[in-house]
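Going in written order, the chains are labelled A, B and C, and every chain counts its residues from 1.
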Amino acid sequence: MTALGDLVRWLSDPANWQGSHGIPVRVLEHIELSGFSVLVALVIAMPIALYLGHTGRAGFIAINVANIGRALPSLALLAFGLVIAISLGLGLGFWPTVFALVPLAIPPIVTNAYVAIREVDRDIVEAARGMGLSEGQILRSIEIPLGLPVILSGIRTAAVNVVATATLGALVAGGALGRFIVDGLALQEYDQLMAGALLVALLAVATEVSFGALERATVPAGMRVVR
Amino acid sequence: MTPGEPLVRWDWIASHAGEIGQRVGEHLELTVIAVAVGVVIAFVLSLLALRIPALYGPITWTTGILYTIPSLALFALLIPYTGLSLLSAEIGLVSYTLLILIRNIVAGVRGVPVEVRDAARGMGYTDRQILWRVELPLALAVIFAGIRVATITTIGLVTVTALIGQGGMGYFILLGIQLFFSTALIVGALGSVVLAVLADAALVLVQQALTPWTHAR
Amino acid sequence: MAERAGATVELREVTKRYGDTVAVDRLSFTVPAGRICVLVGPSGCGKTTSLRMVNRLIEPSSGEILIDGQNVLADDPTQLRRRIGYVIQQTGLFPHQTVAENIATVPRLLGWPKERIQARVDELMKLIGLDPERMRRRYPAQLSGGERQRVGVARAMAAEPPLMLMDEPFAAVDPIVRERLQNEFLRLQRAQGITVIFVTHDIDEAIKLGDRVAVMRLGHLVQYAPPAELLAHPADDFVAQFVGSDRGLKRLSLLTVGGVELAPVDRAKLDGAPVLPSSMSLRDALAVMLSSEAQEAPVMDGDRYLGALSLQQIGRILRVDEPA
């Protein structure tokens, strides 16, 4: 296949590994953009989800928000990110993409954290309350540790979605790995296009795999036997 | 977005009604083909996984990778081979539906109560009759839940195929981004969301018609 | 009364092994046509395994099972199962099919014509006390537990099988409903003349329903006898303990006042004592007499005086069968 040959040639060209348009910089930009967006989403979503989960309030909304999130097309989110960033005078590139990625990341985080807390055995919580733990202590020392794998699985879904969608940032003059794809498309340079696609795919799979490992590692020791 | 420009220019929408309708049709066509082909492939793979349980792991692993690969990346990888074509778009869209559909089909069939399967066998159903007359009908509710998620996801993803010359409502979003034209942005984004909501409602109705026992009281 | 004869079932040295464990060990017994054989024993003793080998849901490791002299292993399993009714505790009704469709399952598999199926469904629904007009189109989720069990029994009987296998069919319903289902089932079985192999862990149910009771323990058959015999002469300590220390009383409930040799006492001497109809069980008679403080009571068959029953005599019957 000539396309594959071109791809290999492009990837092995030292010029593509250097400078502000090189692969390492683009990868770092991609990670920075994704990481920042997930972080912002966590700061917004986690306190709300944990509060709702602990009190059991607004369950229907908390559980279904993930489905609603799925219906939002990523390209449309980008469009709204663009509108917001421009009206706030933040310009193109980084910020419109962040505004698109944060709402994308929030739903799975909320739903999983809510479910994680609700699924903790109510008898255990009652016992803790009976022993005099405060509500905050119950959340910190019981509900969060026991629900951690499920909470992390929500963050994983969010992170993988964000890494995937961050690619679109190149459409609004952003950097990151989407640059290779969008430029490759525009210039019909299929080697660059495929290299970008491959790198993004690898990054997404790597995100998925490392979060999966993290989830397994955070199952509380006492519960590993049961599984 | 240009100063002085209203957020929505109704005259633009009115003068482009025909094109909007055409793009809606394109959006639906892309979605229906993707979900239909996805259901057929997922169905075959699910039957395989149910028949040979050792295959379930590899099948979900492979479709899981396909699901994880960003849509734009997948489309891009296909372009050198299948071009800026409907085929490229559909290959990408279909591969996204597989994981969700297979998981639900297999879970639905496996979730049939053992005693129901046992009774069927005890009355002389063959394995094939058990699958077609008992397991699949009973799995229908769960399978439909998968089809709903797959459809909603696909409708959102179709917008991205605008980048490879397809796109349905995604065409307007892209147009809006390129021209900084909010009316097209809103038409595209809102149109896609509305399509998703309507499609979901339609699927709920179809499911209720197909599974009357789930809501009889 | 029976429209068709039930089948004779014979198990010969039937054994089922799972690796090193022997679930059923050389089980042999014969169920005469049209009779109810109850397999009873503690949980895990091999009842279900034994039952499911008859319709080959489980294949025996060795031994033979004959239905009307025909080895079940000679037949195609699905064809065999269509000729044998099968009822289980959890009913296994198809949730996606109506009551009528559920009952019609096996006749449809056998390719009966539509009219015959519909007639049979209506007939069975009436037999189990469900109004066809009202209940035909309901789904299992719209029935009570007792109704579901009835439909399960009707479904098993639909294709007029000569043999029915029932695995704890009434264990999941409450005691009052269970009693009613048991009585209906007995009536239905007598009317249709079907042979039944019935599994239960409840000795009282075994005694009430069984023409023969097979007591199992750890995969073995410990005793195979009619209920009265079982109560009178338990084969060993295990059976004696399993049937319970009140087995004398249980046996009294199997005997009627009219079946006892009565003393020819002058009727006039028994004034004031409670009158016992001849069809009354000895157990009920004992209860009546103890609560009235009468030592003797007159037994009547309608208006005819048969003789007197005394507490002493009931005591004698209780004692006669104590093990040596």
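For the reader, a short list of remarks on this structure follows.
As a convention for this text, a residue touches a chain if its C-beta (ideal position, glycine included) is under 8 Å from a C-beta of that chain, and two chains touch if they have at least 3 such contacts.
Bear in mind that the values here come from a model prediction, so they are computed numbers and not experimental data.
Closest to the middle of the protein, by Cα centroid, lies chain B. The greatest centre-to-centre distance from chain A, using averaged C-alpha positions, is reached by C. Centroids of chain A and chain B (each the mean of its C-alpha atoms) stand 22 Å apart. Rounded to whole angstrom, the centroid-to-centroid distance between chain A and chain C, based on C-alpha atoms, equals 63 Å. Taking the mean of the C-alpha atoms as each chain's centre, chain B and chain C sit 54 Å apart. The touching residues of chain A, counted against chain B in their complex, run 3, 67, 70-76, 78-80, 82-83, 86, 160, 163-165, 167-168, 171-172, 178, 181-182, 184-185, 190, 193-194, 196-198, 200-201, 204-205, 208. Taken in their complex, chain B has these residues touching chain A: 1, 64-65, 68-74, 76-77, 79-81, 149, 152-153, 155-160, 162-164, 169-170, 173-174, 176-177, 180, 182, 185, 188-190, 192-193, 196-197, 200. Those residues of chain C that touch chain B in the complex are listed here as 52, 55, 57, 78-83, 86, 88-97, 105-106, 109, 138-142, 155-156, 165. Against chain C, in their complex, chain B makes its touches with residues 113, 115-126, 129, 134, 137-138, 140, 211-213, 216-217.
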